[in-house]
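The two complexes that follow have subunit A in common; it is paired with subunit B in the first and with subunit C in the second.
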Partner chain A sequence: MKNSLRHIWVIAGNTFTEAIRQKVLYVLTVFCLIMLGGSSFYTQFDFRGDEFKFMKDLAYAAISVIGLLVALLGAAMLIPAELEKRTIYTLLSKPVRKFEFIVGKYLGLTLLLTLFMALMAGIFMLVMWSHESSLTNDIMATSQGQPTELQLQQINEFRAGAYDPAMWQALTLVWAKLCLVTVISVFFSTLASSTVFIVSCTLFVYLIGHLQSVARDFWLAPESGASWLTTVFLAAISLLIPDFQTFNLIDEIIGGNRVLWLNTRHILLYTGGYTVIALGVSSLLFESREL
Partner chain B sequence: MNEPDFAVSAANLTKTFTLEWTRKRLLALDGLDLRVRRGEVFGLLGPNGSGKSTTLKLLLGLIRPTTGQARVFGQEAGSLASRRRLGFLPENPYFPGFLSGREVLNYYGKLADLHGRRLRARVEELLELVSLQPAAGRALKTYSKGMLQRVGLAQALLHDPDLLLLDEPTAGVDPVGSRQIRDLILALKKRGKTIIFSSHLLEQVQEVADRVIILHRGKKIQEGTLDELLSVQGQRQVTVSGLTPELQEQLAAWLQNAGAELIAVTQPKQQLEDYFIRAVSK
Partner chain C sequence: MKLRLLALALIVIWGAGKVGWENRLAAERKVVMVGQDLPMSYQLRDSLGQGFTMAALGGFRGLAADSLWLSLTSAWQEQEWERVAALAEMCVLLQPRVAFFWDMGAWNLAWNASVAVEHGPVKGGIDRRKHDARRWIEAGKDLLERGIRVIPEKPILYQRLGDLYWRRLGNYEQAAECYKEALQRPKAPLYLERSVGLMLEKAKQDQAAYEYWRQLWQSCQEHGVDQHRWDMVKEHIQKLETTLAIPTEQRFFQPTDH
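Up next, the complex of A and B:
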């Protein structure tokens, strides 16, 4: 058990190091940073009153899309590369179990996503702080350090918009969503060696996952009148595909609605449970795969 | 089945691959019986596609036999217990290019359950053994093929295994590197290690192997010690100096009277490899 944990950690560390040395990751990160940095600039286009919401919208969209690419490409590039370059032969000639390889790879990619999210969150906070400071300084300058009641209220609104603690909740949910995408990508990489195939299948599951709740409702409806074939199909989607619709809470948070941390915890638990099961199934499939 | 005298034993080992699209079946190894004694240097010979790599993969547990079974030190091939006692050098080894020689040995050492001071000492010892200490800090992507082969050997030796499986250990290596690898195999044999290696470079096999099998189209066609397989029965070779043409004539006549026959008189030659190594090491 102790050795297993040690192997997993060593493989995770190596995967993380390998991933952060991929050029494509730097390109994606720089692109995301430009989007985040640029969000402050776009507020010039008459968003008075809602500019912090606009900045949040843009930032979450950038982090989600670029993060999705990082999650998708991470597993789809690194695991097939181990097979193609046959480094896995050397690895499995050591007393390493196949499940340790799969879990280690997943954890390494999760570490990568965590670093990516932390970096993006840091830059995002910096951009928000910089924009809020600039607006506040403008008011202080025009009022010569003696702001009126209305201006003080405005400053407080800026601060509330810029330093909203619910942003952490939204960022946590984005991270969880990306971890779920990663585990699906890891699952497909245990079945196939083609990056294109893995990315396509993962994207397919990601899209279907946004409709999973519809399929589930239809499957569980007492009088749906569906044929047995449709029922089996809907049941398969409901049971196998994760419900990505549940992450729509992110939009609620960005929209300014309060979402209880309890709900966020439920989603994190759901993500954790699905990840454990998916990693278990991936390990079993990989165990039976000949290399 | 417990066979303490044998490092490796395999009975009726057969492997059939099914091609992905056509579902056609391909027989890669056909009923191989194999027994390798402890401390032996054992050569797997055969042309490309003869089943050498398949045999090594089966011993590692990377693939499962279609029928038959293989054991390593009495343990099922591929089990954790068997892998703890073996080291493997794949053909044309490839390692994560972003790591340095030292880093990659540390990585595989940790996976072989070595830690801390013991790991660090072992890594330095092996870097010295394979003459890679000056380049140990450089990224592997800057290494030559021969250097990568030596890193491969070092990682296979990390946990001081009793059995070494080497898949084409001298493939693509220059004669000097190839000689170093051969010397290393002989040094390891002296330390009681069992070595199984595959090769199609027959001269090199001849210099190190105690016993060989020859595989062809997945089937074992010959097995034995090199003496058994290569000695020409009923003939002896004598090397003399100062043999003038007259002496040679007298010798031939004398041999004929004694009931023997002089078959060939040739000029002994150095091996090109020995000549080359002496030339480049001057």
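Up next, the complex of A and C:
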């Protein structure tokens, strides 16, 4: 057990180091930074003090899309590369089990994703802070340091928008969603060695996952009137694909509505459960694969 | 082969269990979103183009709604009011729980559109213009009322509806009712306390206004300088006592009070 954990940790560390050396990651990070910085240009439009909602939407979308690419490319490039370069044979000739390899790879990628998210979140907070300061300073300057009641309320709204602790809740949910995408990507990488195949399959699951709840509702409806073929198809989608609508609460949080941490914990638990099962299945399939 | 069968069994067992779990999570989500958790309604799919539908499906509803809002801003600048109304509808369909879209959508219709058709360079006599202006005010009011049904817990939409009754329809009693409703919600701005009294005065309900101001004064023990602006409350009480000709000995503030 102790040995197994040590093996996993070493593989995770190596995966992280290897992933961080990929140039594509830096390109993606630069794009994300440009989008985050660009979000402050929303001030050019008149949103009557609600710019923060728009800034957050753009920033969360940037973090989600770029994070999605980091997760997808990370898993789709690293595991097939091990097979292509035949480094996996050196690794597996040592007393390393195949499941340790899979779990290690996944943890390394999760570590990379976490670092990426932390960096982006930090920069996003700086952009928000700078925008809030500029708006508040404008009001203070126009009111010559003595803001009216309405202006004070505006300043309070700016501060509430910029330093909303619920942003961490939304970021946690984005992170969980990306971890789920990563594990799906890892799963496909145990089935095939083509990067394009892995990326497209994961993307399809991601898109279908946003409609999974519709399929599930239809499948479970007592009198849906569907043919047996449709029923089998809907059942397959419901049973295999994760429900990405679960993470829809991110929109709710950005929209300024209160979401309990209890709901977030339940989603994290669901993500955790899915991850464990997906890693288990991936390990079994990888174990049965002839290398 | 054995391992593959084991993997399949694991998937099936997990799948059967996870469906129930997902249903529970969906139920929780419905509670949080007050029944507004529609993955993609037919109405929405019909209204949106392919690009926006894909964005919404990919979990970027917020961004899709923001892009539509930017188009709405262009339509507003070009004074294409029908397009403004249609885009506002799309925004609230995409993000029904965001008060901003209801609030600003209604403002565009009840203020911008109605003023533009009433005073702008459009054809038609004064009656026609007034009729059109009224139509846009009603459209704005309808948007706010629908918004209130979707997010009843937010004070802002009640406040805006009160503003609309006050400034666009001249219905001060209804405005006062809306401000009262707003005040019952958390995070309502404190100045709305005074807006209720002010509306009652404007509606010529002096007695009701007087009682309201007195109740407001008595609702607090400390009357220092703070955001409640007690000095203004006191002024209103004293002014109404003069208007209502209340005898000096029955007045709320005796000459010795400061």
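Assume the second predicted complex is superposed on the first by the 291 of 291 C-alpha atoms of A that agree within 3 Å, B and C clash if a C-alpha of one lies under 4 Å from a C-alpha of the other, contacts with A are read in each partner's own complex, and residues count from 1 in each chain.
Going forward, a residue touches a chain if its C-beta (ideal position, glycine included) is under 8 Å from a C-beta of that chain, and two chains touch if they have at least 3 such contacts.
Computed from a predicted structure; not experimentally measured.
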item	value
Combined model on subunit A: subunit C and subunit B, fit or clash	fit
Once both complexes are placed on the shared chain, angle at subunit A toward subunit B and subunit C, C-alpha, multiple of 10 degrees	180
Which superposed partner A:10 touches (first subunit B, second subunit C, both, neither)	first
Contacts of A:207 with subunit B and subunit C, given as first, second, both or neither	second
Touched partner set for A:23, first subunit B, second subunit C, both or neither	neither
Partner, of subunit C and subunit B, that touches more residues belonging to subunit A	C
Which of subunit B and subunit C A:252 touches, first, second, both or neither	second
Overlay on chain A, subunit C to subunit B nearest C-alpha distance, Å	13
Footprint overlap on subunit A, where subunit B in one structure and subunit C in the other make contact	none
Residues of subunit A that touch subunit C when the two form their complex	45-48, 50, 53-54, 56-58, 60-61, 64, 149-150, 152-153, 177, 206-207, 210-214, 216, 220, 238-240, 242-252, 254-257, 259-260, 263, 266-267, 270, 273-274, 277, 280-281, 284-285, 287-288
Interface residues, subunit A side, partner subunit B - complex	3, 6-7, 10-11, 14, 17-18, 21, 85-87, 89-97, 290-291
Contact footprint of subunit A on subunit B as seen in their complex	57, 60-64, 80, 83-84, 86-88, 90, 93-96, 98-99, 107-108, 110-113, 115, 152, 155-156, 159, 165
Of subunit C, residues touching subunit A in the complex	1-4, 6-7, 10-12, 14-16, 18-19, 21-26, 28-29, 32-33, 37, 39-40, 57-63, 65-66, 69-70, 73, 95, 97-100, 104, 151, 189, 191, 227, 229
